[in-house]
Amino acid sequence: MSSDLLLIVLLGIGAAWFFASRRAIVSQGQSRGGIKAMHSLPHYYGFWAAIAAVIPAFIFFVVWSAAEESVFRSLAEQYFPADRADDFRPDIALTQIQNVVAGIRVGEVPAWVDEAALAWVRWDALASNALAAIVIGMAALLGFLAYRAVNPDFRARNWVERTITVLLAACSLVAIFTTIGIVFSVIFESIRFFGMISPMDFLFGLKWNPQIEFGENAGVGVSNYGAVPLFAGTLLISVIALLVAVPTGLFSAIYLSEYASPRLRSVVKPLMEILAGIPTVVYGFFAALTVAPFFREFGQSIGLTVSSESALAAGVVMGIMIIPFVSSLSDDVINAVPQSLRDAAYGLGSTKSESIKQVILPAALPGIVGSVLLAVSRAVGETMIVVMAAGLAANLTANPLDAVTTVTSQIVTILVGDQEFNSAKTLSAFALALTLICITLVLNIGALQIVKKYREQYD
Amino acid sequence: RDYVSIAGSSTVLPFSTIVAEAAGKRPGVKTPVVESGGSSVGKKGACTGIGTENIDIGNASSRMKVSELDVCAENNVEVTEIKVGYDGIVLASDRSGPELDVTREQLWLALAANVPNAEGTAFVPNFYTTWNEIDASLPNIAIRVLGPPTTSGTRASWEEMVNEKGGCKQNAAAKAILKAEGKSAKTCRPLRTDGGYVEAGEQDNLIVQKLQEDNSSFGVFGFSYLDQNSDVLQAAKVGGVAPTFEDIAAGDYPVSRSLFFYIKKAHVGVVPGIQEYAREWTKHWGEDGILAESGMIPMGEDERAVYADAIENLPTLTADMLD
Amino acid sequence: MDMTLTTSEPVLTIKEPSSVTEKTVGSVHVDNPRMQAKNVDVYYDDKHAIQDVTIDIGANEVIAFIGPSGCGKSTFLRCLNRMNDTIDICRVEGSITIDGKDIYDPSVDVVPLRARVGMVFQKPNPFPKSIYDNVAYGPRIHGLVESKAELDEVVEQSLTRAGLWGEVKDRLDQPGTGLSGGQQQRLCIARAIAVSPEVILMDEPCSALDPIATARIEELIHELSDQFTIVIVTHSMQQAARVSSRTAYFHLGKLIEVGPTKQIFTSPQHELTQDYITGRFG
Amino acid sequence: MTKPMITPQIAAERVARGVQARYARERRFQLIGKSAIGLALTFLAVLMTTILIRGIPGFFQYYVQVDVTLDAQLMDPRGDQSIDSFYDGNPRKIMQGAIYGLTGAEGRSAKKEAFKLLSIGGTDRIRNMVVNDPSLLGSEQNLWIAVDDDVDSYLRGHIKRATDEDNRRLSDRQLDMIDDLVDRGLIQYKISNYLFQGGASRNPELAGVKGAVVGSLFTLAITLILAFPIGVATAVYLEEFAPKNRLTEIIEVNINNLAAVPSVVFGILGLAVFIGFFGFQRSLPLVGGLVLALMTLPTIIISSRAALKAVPPSIRDAALGMGASRVQVITHHVLPLALPGMLTGTIIGMAQALGETAPLLMIGMVAFIVDTPASVMDPGTVLPVQIFMWADFAERMYVAKTSAAIIVLLSFLILMNAIAVVLRKKFERRW
Amino acid sequence: MDMTLTTSEPVLTIKEPSSVTEKTVGSVHVDNPRMQAKNVDVYYDDKHAIQDVTIDIGANEVIAFIGPSGCGKSTFLRCLNRMNDTIDICRVEGSITIDGKDIYDPSVDVVPLRARVGMVFQKPNPFPKSIYDNVAYGPRIHGLVESKAELDEVVEQSLTRAGLWGEVKDRLDQPGTGLSGGQQQRLCIARAIAVSPEVILMDEPCSALDPIATARIEELIHELSDQFTIVIVTHSMQQAARVSSRTAYFHLGKLIEVGPTKQIFTSPQHELTQDYITGRFG
């Protein structure tokens, strides 16, 4: 039986037990004085039986399906020719067998492969029948047991709800597992990196200049892995972006929530949100070919040397991109400031702007900080604009007219470009990622503290 | 897996995809999937692991080194090397800008991280800021060359062919210093990071566009981008030779390299379509083929015959073939 | 004493004030009016929330507005310093004057008006700022002081008058929101008096407070009454009786009766007032 | 009681003194607000205009009208009308004949140049015609065939006759032929039927976004199917069930932190876990969807929690007071009310997922994939990747195609948002 | 009548009930108790909100809880159907029984408990659903009816008993939130009685309503009192006097005095009760 069909059958069995149990409880209840005499509503008994039938069987199905192939592969090894040539490759042989099973015959196929494939097909049939039998049997049996257990005193609702709660809790673990997964997928490489480059040099070094270190080029250039210029560049570009996005976004939010008519607001807000959805390649071209030359020419006209790749161009365009993060989220937060604070300010004779500046904004600060943080995250994570408009040169500078680069764009460039998995250069991407995550973690904990502190203050 | 999986050099990618697309037109053949990643990913991918979770063919814009072949040996993987053509690395600028006719040695002086000092006694950080400081015949404009980042094979080739072979090994002062310090010429390779050479990402189109914004800048990229944009770009002559189709093919243009792909032999006969894909190359790699049309410089007849033969017989690449 | 128990049977018929304009019972005018409302009507969109109310508010008196829920006490109170302007759908007709000047005149600025007619709200609403900044807010925005020293003095004086100085003088830089409910409300009063208003409007200022805190606020109102005109809305007749000298009874948007507090509570003249006072409803 | 330092009279004077300046400040403040909005909208307008102006031409391309005879001999050399036979055929000859006729090209080099005017898509097209309908063999057909990308660029004015012949990709003779065809009305500018029907192609005139659109659909479907329920479930658990303790606080910080992790790191995760550990193939929309789902999850969780917080407690109280269980309160009352807010978060998250390339680089979805995926287990790519790759191809005509693809992506985005906004409206029925 | 005016000077000293446990004045026990609270203490974290309260609630009586703001009336009321469970920091000690069964017993399911002890809140809070669905919600989740016809009947009956049927019978499918405040509150009462509870808890059910609506609700309480036990919290002594047969006076977390309403209002025995009744505070 194909697995799709099996799953449908499984659902069918669940549905059957649902209806059976529901019916059973209704008729049992009848003799006891109606639904009122039962602990739970009939459909909870139904759901209980369905859960009992479907969930364990489904888990079994998943585990079996995951394990099946490796079992077959080990079984298939018995078909390998006894007199194996030196270049006999078990994995390729298995692939070949599986190809034949899938109906792909490439070139001439040795007889034993055909035999193995035939066996494989047999096992497959056997296994899928066995699986079907077990899954259906399990579902039927457990469903039956649940069905039998049904009686008006059975706390079906509590059990169903407990299952739901467990499922919900399981979902909240996904976020945890994601983090664990991320840490695990960068930690080993990072450790290897720190085995080659001392963490001190990495964290406090002032020069970032990794050279290709493999193949012909091994040991040729002197690589520097000082991450400070990257973090400084990230900071510089983010600050420029925030200088564009925060005032524009915040003032837009203020105007929309405090002054604009609801209609204007309902039109302008989604319009501004489009800015966040424009692909970053577009922003990249815009930054590199429109904004950067503009700054350069403008700079020249007033006697400044502005390089074509400048933090300024990248930062400004990135700022445009993240305006909606600040405007939309701040707008929500400003709206949520209790009316009582506005009343208090107006009652004392504040003008609107005074009450906004001195009361509403301070009160909304935690939320605004949150929205800015989200905007910063987006800015820090952005690569395309940086690579296209700010270049990749890791200059340690505070001059926005210079070319700089950011952590994320280095990570992406390293991982996308020519690489060798054991070179310090490639590994440095993982170390950068790990460091960045640690830094954002600290930032987030800090932000949480700010939010906590201010949250105590109003309301 | 019922399709061919290819990865590697971003230089070979455009040509590889053209062939893949053509190969996929046959009924019942799935078009191969071509990923980028760089030459070393291609070479390493070809050499690591057998089994359908690994790639079948690796593209590379530089030939496998013995050390790289060792990886294959370690993994018990045999590969076949197929050369498909050449690519020239050009230095180009906007047509409205000054023309440039330089030698590789001058380019080295303009772009290397370290150059011999005026007395020729030691390497010092590159101090040239304008072209005419290197040689009076060159224009009096600031040195500003946009090119690929350190993660690029194109850049590595440039460093090898210009800085090492065309620069340090030709320059008397440099040779003397190297000898005195007991260093190999390889140490001449790194490019300057003080702004004379600008890492502009691996987006060659962007470099082309930036050159049009600023006509005193030069850009380093593959021949095909020059070919497509010949109406707006002019190429610098290197060693007196302009990067034309004919001169690169003839080997006269000094900054050019060969393009390869490596077939994981064990997958032939397992994953369908590998050899068919390789054969497809032979249909297009001639002077009139669509690959030439897209800017790949074809090999000569004889070489084509050799590699067409290799595609049929799949000889295993061995270390002595590489020397 | 038996008025509260005239019946333990529910009252079924509540009379609405007749809809033809009926004159308010009692003397709506006083000799030395600080504010005067004449034929004021207030609408929320179509809803006629205040109907033809005419009343004087005397200088330095404490006047209480009482009446059942929804009768328009708050609405009328908020007209007195144009806080209703902040509600889009609210429309005010008729005239309200302060010291003879119409506050709804187009030439009148609400900003100085609200500095003259301060407001204290039902729920204490200190700003999420320090105690000092809460009190200093008004003088600062209105530019009432010339120096930091002067500001310090205004803050101290206001807090003292609000009976809070002793309790907070050592922690002026701590957030106002950290105070207890009663203290917060006194802080709000201090904040209001810091701009030296002539009139202070209070909308059920004690309804969120416990009896002990309430007693302190009432005491404070009593003390402030010799310098300020105070209008207080309250649900509690007892409170009205304790703090006010005049009382106005509202019913479904109309001003039914006005008079000296003593008189309203002992011998109400209008039937509705009487019913309310005697607890037949409310 | 102390005498007030500032009497109401003094106060009134001082207030009056400053009031004009304060109103001026108020007006300035409002003006700043308006300019901020104006500025943001101007940016948007500039960007959108640029995109539209650049992109619209990408929806069109030039076609040349040719008459061909689907010669059975050439098309079906084996004569058995089998697929193999058709693929052994030589439709190229037929196209050559047609174009030589049209241009009157004589001589080897002229013929070669003439044939280069046509896209190679033409030969594929006539082959497909007979494959799909063998009865057409031998018939005469009047077809509009796409011109080669260089010709297209010339007609668009990107290649100019004024340029030195050596420096352009078309010879003078070719230009003459083209001009002649245009004069005869045989070349026309028409809506491109490759853009939406074609997959990725290295022939810019044949390249289309179909594969990428389908890939994006598959990928986003997986993302939505996973991220929305899991995100909402997590938010519900944290907001409604979880005890407030250290663990939940850690989860909260952790989720906020995930929102700040650069997207490429999710790609690293996907590579290590889904491809490395679970052994999925590279380039699968399934894996892409999984990675993007993990990336989108924090956004959805954070906004869903905010939406849940905003449900008035009185509704919960009412339901609890009626004896509803917690799960019932949530399913009957809280979720319906919180859904609009949850949808907002989903819109933002999905918009970001739609535009992502960096994490997909790591899992092999940045690849040249011609075939349109038929399921989430077929290799596929997505729109932003397509844009990213096209933007870097050397051929000029990709500039227009890229811009057109950007418009397609934006339309996709706006469509997605519109659906969500409509849904939100529907649930927002305020009672 | 003069009790409200014993003084127009503010009262400055509010006595707190002495902190040593002092027995509640009056008879806390009744002959036929439906619910019994014994030595109940409630804490919000450290805050001791209810201190050692013992009281019986008789079958089919209307008992009123009165007392100044913050004295714990609502807190105690919410203990009676374990609505306090929803507040994390709230901890209840002592025992509360309904028909002799401890409702805080770990084996007790709150769901059926709350079906037996219904609740009506201060602010009318209909579900954002149709009028019909509002009333049908309880019977549906508790499985009280077997068929649509039966449900229809329950809905009609409940609305009729809540005095709302006439007003809404033609628009049962319209949103409950579209009704006026008083109608909404009656809808909430209808919703509560639709599950045929034994006890109905009402927390200031009329405080958001105008006098006319209030009168209807009071009438309704009166009518319901012959079938249900009703516990009502109110700020208005008049209302307590009108609707209840027994009254309990709370002060700062303590139950000071319980007794027949008439007696509490005419001859309160505890000093605090007396002060409150006579309007010295509150």
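Should a chain be cited, it is by its letter among A, B, C, D and E, assigned in written order, with residues numbered from 1 in that chain.
FYI, contacts are C-beta pairs under 8 Å (C-beta built on N, C-alpha and C of every residue); 3 or more make two chains touch, one makes a residue touch a chain.
The structure presented is a predicted model; accordingly, all values stated were derived computationally and were not measured.
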{"item": "Set of chains whose contacts include both chain E and chain A", "value": "C, D"}
{"item": "Set of chains whose contacts include both chain D and chain C", "value": "A, E"}
{"item": "Which of A-D and B-D has more C-beta pairs touching across its chains", "value": "A-D"}
{"item": "Furthest chain, CA centroid comparison against chain A", "value": "C"}
{"item": "Per-chain CA centroid nearest to the all-protein CA mean", "value": "A"}
{"item": "Chain A and chain B, separation of their C-alpha mean positions in angstrom", "value": "36"}
{"item": "Centre distance in Å when chain B and chain E are each reduced to the mean of their C-alpha atoms", "value": "85"}
{"item": "Centroid spacing, where centroids are CA-atom means, of chain D and chain E in whole angstrom", "value": "59"}
{"item": "Chain B, residues touching no fewer than two other chains", "value": "36, 52, 202-203, 206"}
{"item": "Touching two or more other chains - residues of chain E", "value": "111, 141-142"}
{"item": "Chain A residues counted as touching two or more neighbouring chains", "value": "157, 285, 349, 351, 354, 416"}
{"item": "Pairs of chains in contact (touch as defined earlier), listed by label", "value": "A-B, A-C, A-D, A-E, B-D, C-D, C-E, D-E"}
{"item": "Chain A residues within the chain D interface of the complex", "value": "157, 160-161, 164-165, 167-169, 171-172, 174-176, 178-179, 181-182, 184-186, 247-252, 254-256, 259, 268, 270-282, 285-286, 290, 320, 323, 327, 332, 349, 351-354, 356-357, 373-374, 376-377, 380-381, 383-384, 407-408, 411-412, 415-416, 430, 433, 436-437, 440-441, 443-445, 447-448"}
{"item": "Contact set on chain C toward chain D in their complex", "value": "109, 111-112, 115-116, 139, 141-145, 150, 153-154, 157, 160-161, 195-198, 223, 226-227"}
{"item": "Touching residues on chain D, where the partner in the complex is chain E", "value": "243-244, 312, 314-325, 328, 332-333, 336-337, 430-431"}
{"item": "Of chain A, residues touching chain B in the complex", "value": "87, 89, 91-92, 94-96, 99, 102, 104, 106-108, 209-212, 214-217, 219-222, 284-285, 288-289, 292-293, 296, 307-309, 387-388, 391-394, 403, 413-414, 416-421, 425"}
{"item": "Contact footprint of chain E on chain C as seen in their complex", "value": "1-5, 7-14, 16, 68-71, 207-212, 214-215, 218-219, 221-222, 235-238, 241-243, 245, 251-252, 261-262, 265-266, 276, 278-282"}
